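Going in written order, the chains are labelled A, B, C, D, E and F, and every chain counts its residues from 1.
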Amino acid sequence: MANPHQIPSYLKQETLGPWGVYLEQIDRVTPYLGNLARWVETLKRPKRILVVDVPIERDDGSIAHFEGYRVQHNTSRGPGKGGVRFHQDVTLSEVMALSAWMTVKNAAVNVPYGGAKGGIRVDPKTLSQGELQRMTRRYISEINIIIGPNKDIPAPDVNTNEQIMVWMMDTYSMNQGSTASGVVTGKPISLGGSLGRHEATGRGVFVVGCEAASRIGLDIKGARVAVQGFGNVGAIAARLFSEAGVRIVAVQDHAGTIMRPSGLDVAALQAHVAATGSVVGFPGGEEISDREQFWGVECDILVPAALEQQIDEKTPGRFAQS
Amino acid sequence: MANPHQIPSYLKQETLGPWGVYLEQIDRVTPYLGNLARWVETLKRPKRILVVDVPIERDDGSIAHFEGYRVQHNTSRGPGKGGVRFHQDVTLSEVMALSAWMTVKNAAVNVPYGGAKGGIRVDPKTLSQGELQRMTRRYISEINIIIGPNKDIPAPDVNTNEQIMVWMMDTYSMNQGSTASGVVTGKPISLGGSLGRHEATGRGVFVVGCEAASRIGLDIKGARVAVQGFGNVGAIAARLFSEAGVRIVAVQDHAGTIMRPSGLDVAALQAHVAATGSVVGFPGGEEISDREQFWGVECDILVPAALEQQIDEKTPGRFAQS
Amino acid sequence: MANPHQIPSYLKQETLGPWGVYLEQIDRVTPYLGNLARWVETLKRPKRILVVDVPIERDDGSIAHFEGYRVQHNTSRGPGKGGVRFHQDVTLSEVMALSAWMTVKNAAVNVPYGGAKGGIRVDPKTLSQGELQRMTRRYISEINIIIGPNKDIPAPDVNTNEQIMVWMMDTYSMNQGSTASGVVTGKPISLGGSLGRHEATGRGVFVVGCEAASRIGLDIKGARVAVQGFGNVGAIAARLFSEAGVRIVAVQDHAGTIMRPSGLDVAALQAHVAATGSVVGFPGGEEISDREQFWGVECDILVPAALEQQIDEKTPGRFAQS
Amino acid sequence: MANPHQIPSYLKQETLGPWGVYLEQIDRVTPYLGNLARWVETLKRPKRILVVDVPIERDDGSIAHFEGYRVQHNTSRGPGKGGVRFHQDVTLSEVMALSAWMTVKNAAVNVPYGGAKGGIRVDPKTLSQGELQRMTRRYISEINIIIGPNKDIPAPDVNTNEQIMVWMMDTYSMNQGSTASGVVTGKPISLGGSLGRHEATGRGVFVVGCEAASRIGLDIKGARVAVQGFGNVGAIAARLFSEAGVRIVAVQDHAGTIMRPSGLDVAALQAHVAATGSVVGFPGGEEISDREQFWGVECDILVPAALEQQIDEKTPGRFAQS
Amino acid sequence: MANPHQIPSYLKQETLGPWGVYLEQIDRVTPYLGNLARWVETLKRPKRILVVDVPIERDDGSIAHFEGYRVQHNTSRGPGKGGVRFHQDVTLSEVMALSAWMTVKNAAVNVPYGGAKGGIRVDPKTLSQGELQRMTRRYISEINIIIGPNKDIPAPDVNTNEQIMVWMMDTYSMNQGSTASGVVTGKPISLGGSLGRHEATGRGVFVVGCEAASRIGLDIKGARVAVQGFGNVGAIAARLFSEAGVRIVAVQDHAGTIMRPSGLDVAALQAHVAATGSVVGFPGGEEISDREQFWGVECDILVPAALEQQIDEKTPGRFAQS
Amino acid sequence: MANPHQIPSYLKQETLGPWGVYLEQIDRVTPYLGNLARWVETLKRPKRILVVDVPIERDDGSIAHFEGYRVQHNTSRGPGKGGVRFHQDVTLSEVMALSAWMTVKNAAVNVPYGGAKGGIRVDPKTLSQGELQRMTRRYISEINIIIGPNKDIPAPDVNTNEQIMVWMMDTYSMNQGSTASGVVTGKPISLGGSLGRHEATGRGVFVVGCEAASRIGLDIKGARVAVQGFGNVGAIAARLFSEAGVRIVAVQDHAGTIMRPSGLDVAALQAHVAATGSVVGFPGGEEISDREQFWGVECDILVPAALEQQIDEKTPGRFAQS
């Protein structure tokens, strides 16, 4: 439980959410920090939280309002860096925690960036393309006082794809009066995006998985991998593992779970998902109706590539049983 | 009870506080707004909330962190305008509500300003002058991306006096590289402050009181006034009423309550408070130990000049009994 | 004919249009300027012409492009000032000429503003409200590098009403990150617009007409006025003249011409136009099918309140015949 | 013939000039663009055209005005990039076309720049050095709202040399209050210019020529080259070809044409031009009085290194005859 | 003698000049300041001194360098305000002292401006008009990081007239990209200058003189006035005094001294100076060859309207003798 | 003796100090500059001198004022670059000279930076840490109008260490509203500092020493080195020389001189200095009481690593005697 006096007044004990998880993580590592422990209090407070009202005109002429966030947790090491999430469950607590984790991740790999994160509390599936564009543009207009190539650089996250990053870049550029490709990452390559960016997160999962296997003496060829989430991260990791000779024994997405002990055909599964929207109904595997069963699948490597907070203290127990 | 779906995700139903009060007020007046009711949704959402970490070095070399806020509720009618409060009970909900009331008040008197408010969650009495100055300066450095003579103009509020406004103005001016007297109000007259500003709020209470008395046919001469709060607002209102022939029959401050049915000597009471810090022990009146009794005092005009949320649905009942 | 060597290379002799008219006017007055004639060359060249591409997404998902203009003819006396016209016949030549006439008009009445003008070559009647808004906002985003309260202040003109000025102000304000009511005139009063602005141009026509009548000894009571154009200028002038006892003997708008020697009922005509979109079919007068006949109507005062270039060297002749 | 409805209103059909050529080129390649054809409409419209009046005080105290241009055709891929031309025949149409070709060229070689171009309609030979400097500085002051290292970067072009680029850089730097070497290319090496820049265009011609020869199986040694234009591009290409064993059989400049089937001595010709200003009178070759004969010279490679629009549909015919 | 430890290290004791005079004045009034004496240390140090190199190209192509200054002594009460002096004897010490006196003068008359002053160490009579313009423009380009309508507003002073103020305003405006009439005072009325500005200083002398006379019971009619300096200040004061019935008994300028006990004809003297450049040779008075004799002339009011440091401790003695 | 007419008016002949030394150096090399001599006049004048008052509140509540400087000698080759010195003997003359030498040094090694330097005239040993921090921050606030990653980049110098650079960077970053690591060099590595920076100057001395020895045929192994100054430069050079087999025969610091013909143990000496604050009392060598004797020590290489102006025309003579 996080230390009560460090809980911000706008997040009560009972609603701490992901930020509470982060605070506990910090408390857990503090004893090992030695002299650096004096920075713990700083890490427990985001430098800057901006909450904005994002009003748009719906296609039917009515006005809708959305809560928009941009949190810069720490920029001591360089400009803020972190994605923007469009999701109906986005909360300030979640954005705060994700921004803090960006601080930690960027420092861990020693890139000169601080940690930041943004989001809009909206289910983008309820918006038309025009509404989505207007909401994205208004959001950037509202937060553009704190972003920029030398200040804070948004990236794609859940439900924000290349098209949305282009709208962000164009809005910022229009406001500046000149093209600013450096204001966002995750752009299309033709507008200055990075080669390999699309696959980067999934490839990172694959590389780390192989390294971890190597350390524990697990031969990756023939090893069994279970993947939760089959979006940009999970699907690409699955494909790369598969190409390396790994068996993908289970895949779960928002709609269902599909298993095949001898290994799924990932390319075929990707084509199925592209065509139908989910893994449900994939003919090349066995569909499981109880989502919890996924956690009991026999595997050597588990890839959690869905949203956060899927794993809790009971998850390892389930694996132990299997 | 405020409509659940309009409560921001960062303020849960159970912690709505003053913002909840504001939402209910809006709901109450909405039926009378006619065509203007389409703006209600906008009024229910602050345009921009900025929460900042305000770290300072304490005199003993340790670092202390404070939560700082600046909320711009609505700036459609002009730059934001509203005070900055230093108090240990400041919450985001409170600052949001106060900023919204500034929008309403500025529109009601038709001045070309929007509504804004700021605050730091700190008990300034626990800080040395040096610490107070450093905290004020860091706070302004953190929010100066959204303030300015044409953007948002802080003013004094609870625990922020002329000296603090000067530190704010100096910090902003140093950052700009040139003197910006327009960035705050409540400055000393020698630095561009307004004549009469010091007494303005208290005088407003007096003027409104006289006008209200006139409307209901109450002769102000000899009328009885009870004053809660004896700071910049209450004491000046009491003095002006007194000079107009009114009897100040009761005064309550944070420390105690003093009554005199034939009227207190306000000048003497002010001298007593200046010397001792409170009305307690004032020889020219009777001291009451039960704070609740204040609400039962017989009077024609009640001046609530303390912090907000002193009056609730039970208060009128008490008067009725008296 | 304008002096060939002063014609800009981007406007050939044969396409000079309104700018050619302006150049000829300058040439005509030059002999009377004395020492000031040395500024003639400056007056013959706009200080700054900005032509922008204004792309928008149509409601059907296709992209449409429009030519947008902002010309600052001269800003020596202060910020540029001048309207923005949305019309399918807008040309660079026209915007240049209108901006130059703004320089002259502002100097003539000695207000501290220079001359500017803008426009988009578009028939706004072919756009939906959403398209109109998107086009207006993109246009302002493209020209906002040269406008601002201290630089150049757009105003309404043909087909740009209060709503459009609000979109302009909001776009500019979003880009700035703070409300800038000073960036446009012609705003609604509730957002900082000026009282009386709506009627100002028409009232100006009325005031000048009365003054002129007085100078030539014409009694305004019972005088006959013919009005061409029944929009914001013509209709208001007609109403004011009518209230002053003048007979409105003829009104012509884009759709037709209506006459009544004993004077039209202007209030009824306004109601008719509000209901039907033009003067055609107004029962309180005689409708004339030949538009040219308007110029032959017997009247004491002619109010040309339509677009420019309606009157040429033959017009006086027609009156002489009548 | 360009599609009439895409011709900008400020460039009539009959005066389309180089922009008309560009529009036709776009139309010609459109059928091959496939899905990318949806961008054709964008390519047919410059994003931003700025036309400015450039007044200077002549050495005799009189004021002269010049038309100055800066066109940013497209900046989607990065800051605008393109030269500034000082020539009496500069027109808006020409600057537009050159800026569009910069867009295409920069994209073709995949450098992260957009396309832009500038110019002043002036014969610089009619100006003193002081006048030339004042005109250059005023021009930069007028366009500096749209240029900068991250916005648009001018380069030298016809009649704008290193000295003029330094004036541009100094004017911009003075305005900024700090040295901005990134604002122009073509600077002297001592102020941050690039090594090899001086020869880059000519060397590019040489490299491309060799590559083309190689593709068609032409041995470059002993091949015959004719060069039109003997300025910064033509002379350097000629020298490099010559050093590679090519015979330079003809050179034409603004003043005359010189031929030598066995190959001209390029170093001697350069010395002659440096001393006399043109190829006319060069003793090491035969002078041709009919300029048209140049096009009939027998050669393997033709280098068109003069101004644009020297070659038309009849030119190949002339070669065929020879 | 100024307190040694307060002398800036860049101005040695032996070279203190006017700044030393100022320091002594401060020391002299300090005993009377009471509580305000704590600001004396601040008044003894200019807030900001900017010294710039001002290089220009002479008409002969050579480069000349001049020392330029802008000192902002104190801006607590508002933007800096003070003239720019072009004179061969300008020193840093002088500009510092003049800026400090501007602080005092602006505070004394309670206008919301601080004190500033600028200058170039140059004899403008050695420059052609072109050189003067280039020097003025370069000077403004160099100091424009600290001036502006809200920062510091230059004014005319010795050798800087309306024309020079226009060059300053134009240079600043070009740099900004928009006209900024507020950046200087002393502009021509047609560009936003103030009515009456031209005569303001001389009229001030006249008004103060009359007030002083009235206080000591001196009838201004027939009183005798001696004027040192016959430029913009002295000549206008002399004219106004003369029109009020005062006798102007002596006038001294840089070239000579002219006396007439019965009063000089000021209008005739002005015409003479306009024609010949000095009072020397004026037929309507007696010319005095010994400049020191001016100080012995019998008069009731002495107007010192030349440069500073004309009067020292011996001057009153001379009057006493007369 | 420097040419009198080039001495700035604010530095009299008798107080020229280091700037006088610099002017003489320039005069000495001018005859060898050939065509480049036309730039000598420019090199003799700093482009921009900024002198600021730096007031701070002392820990006892009193106000102290310090003279602060930032001089940008020349920025033609890029942003200014140079250290900030805190020392009681800092003078404008010294800062000017050091900034000029930065211009020369940066050009000599062909890095794209100009020359600048700053300083505060203060003995930092008389300040508490809090006072030191407040003074540093106020100084940066005062000069931040002319510094920045693209304008002028301060570095550490005498008495300004990593901690002070961090305060500078934080102050500038707070003012900007975003982290600007590029604004200073000499930062800690964790905040973006360069690896090897700490040892860079001393290592440069060592590298140059070895190169020079090699040129004159001196075998570095066993050679004798005398070091004046044992701070960041001298101590590191001594250690590197020592590690390369050189004998460090003498070390002098502010407190004393220590010698050992067979070579000092540099590591032990560093430990001694770290513990005691000076070389005095080091047991591994002979202490010399007469400081002048240092200059007579027998050595092959002399390392002058103390402040400037230690060596004059008599120094070589002393060596010659030894």
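As a working rule, contacts are C-beta pairs under 8 Å (C-beta built on N, C-alpha and C of every residue); 3 or more make two chains touch, one makes a residue touch a chain.
Please read all numbers here as calculations on a predicted model, not as lab measurements.
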Set of chains adjacent to subunit C and to subunit E: B, D
Touching both subunit E and subunit F (chains): B, D
Greatest separation from subunit B - chain, by CA centre: D
Rounded Å distance, subunit A centre to subunit E centre (Cα mean): 68
Gap in Å, rounded to a whole number, between the CA centres of subunit F and subunit B: 55
Whole-Å separation of chain centres (CA-atom averages), subunit A against subunit F: 49
Residues of subunit E touching at least two other chains: 142, 145-146, 177
Chain-chain contacts as defined at top: A-B, A-C, A-D, A-F, B-C, B-E, B-F, C-D, C-E, D-E, D-F, E-F
Contact footprint of subunit E on subunit D as seen in their complex: 57, 59, 130, 133, 138, 141-142, 144-145, 174-175, 177
Subunit E residues within the subunit F interface of the complex: 8-12, 14-15, 38, 41-42, 45-53, 55, 63, 65, 67, 90-93, 121, 142, 145-146
Contact footprint of subunit A on subunit F as seen in their complex: 177-181, 190-192
Complex contact set, residues of subunit C against subunit E: 75-79, 112, 114, 146, 148, 150-152
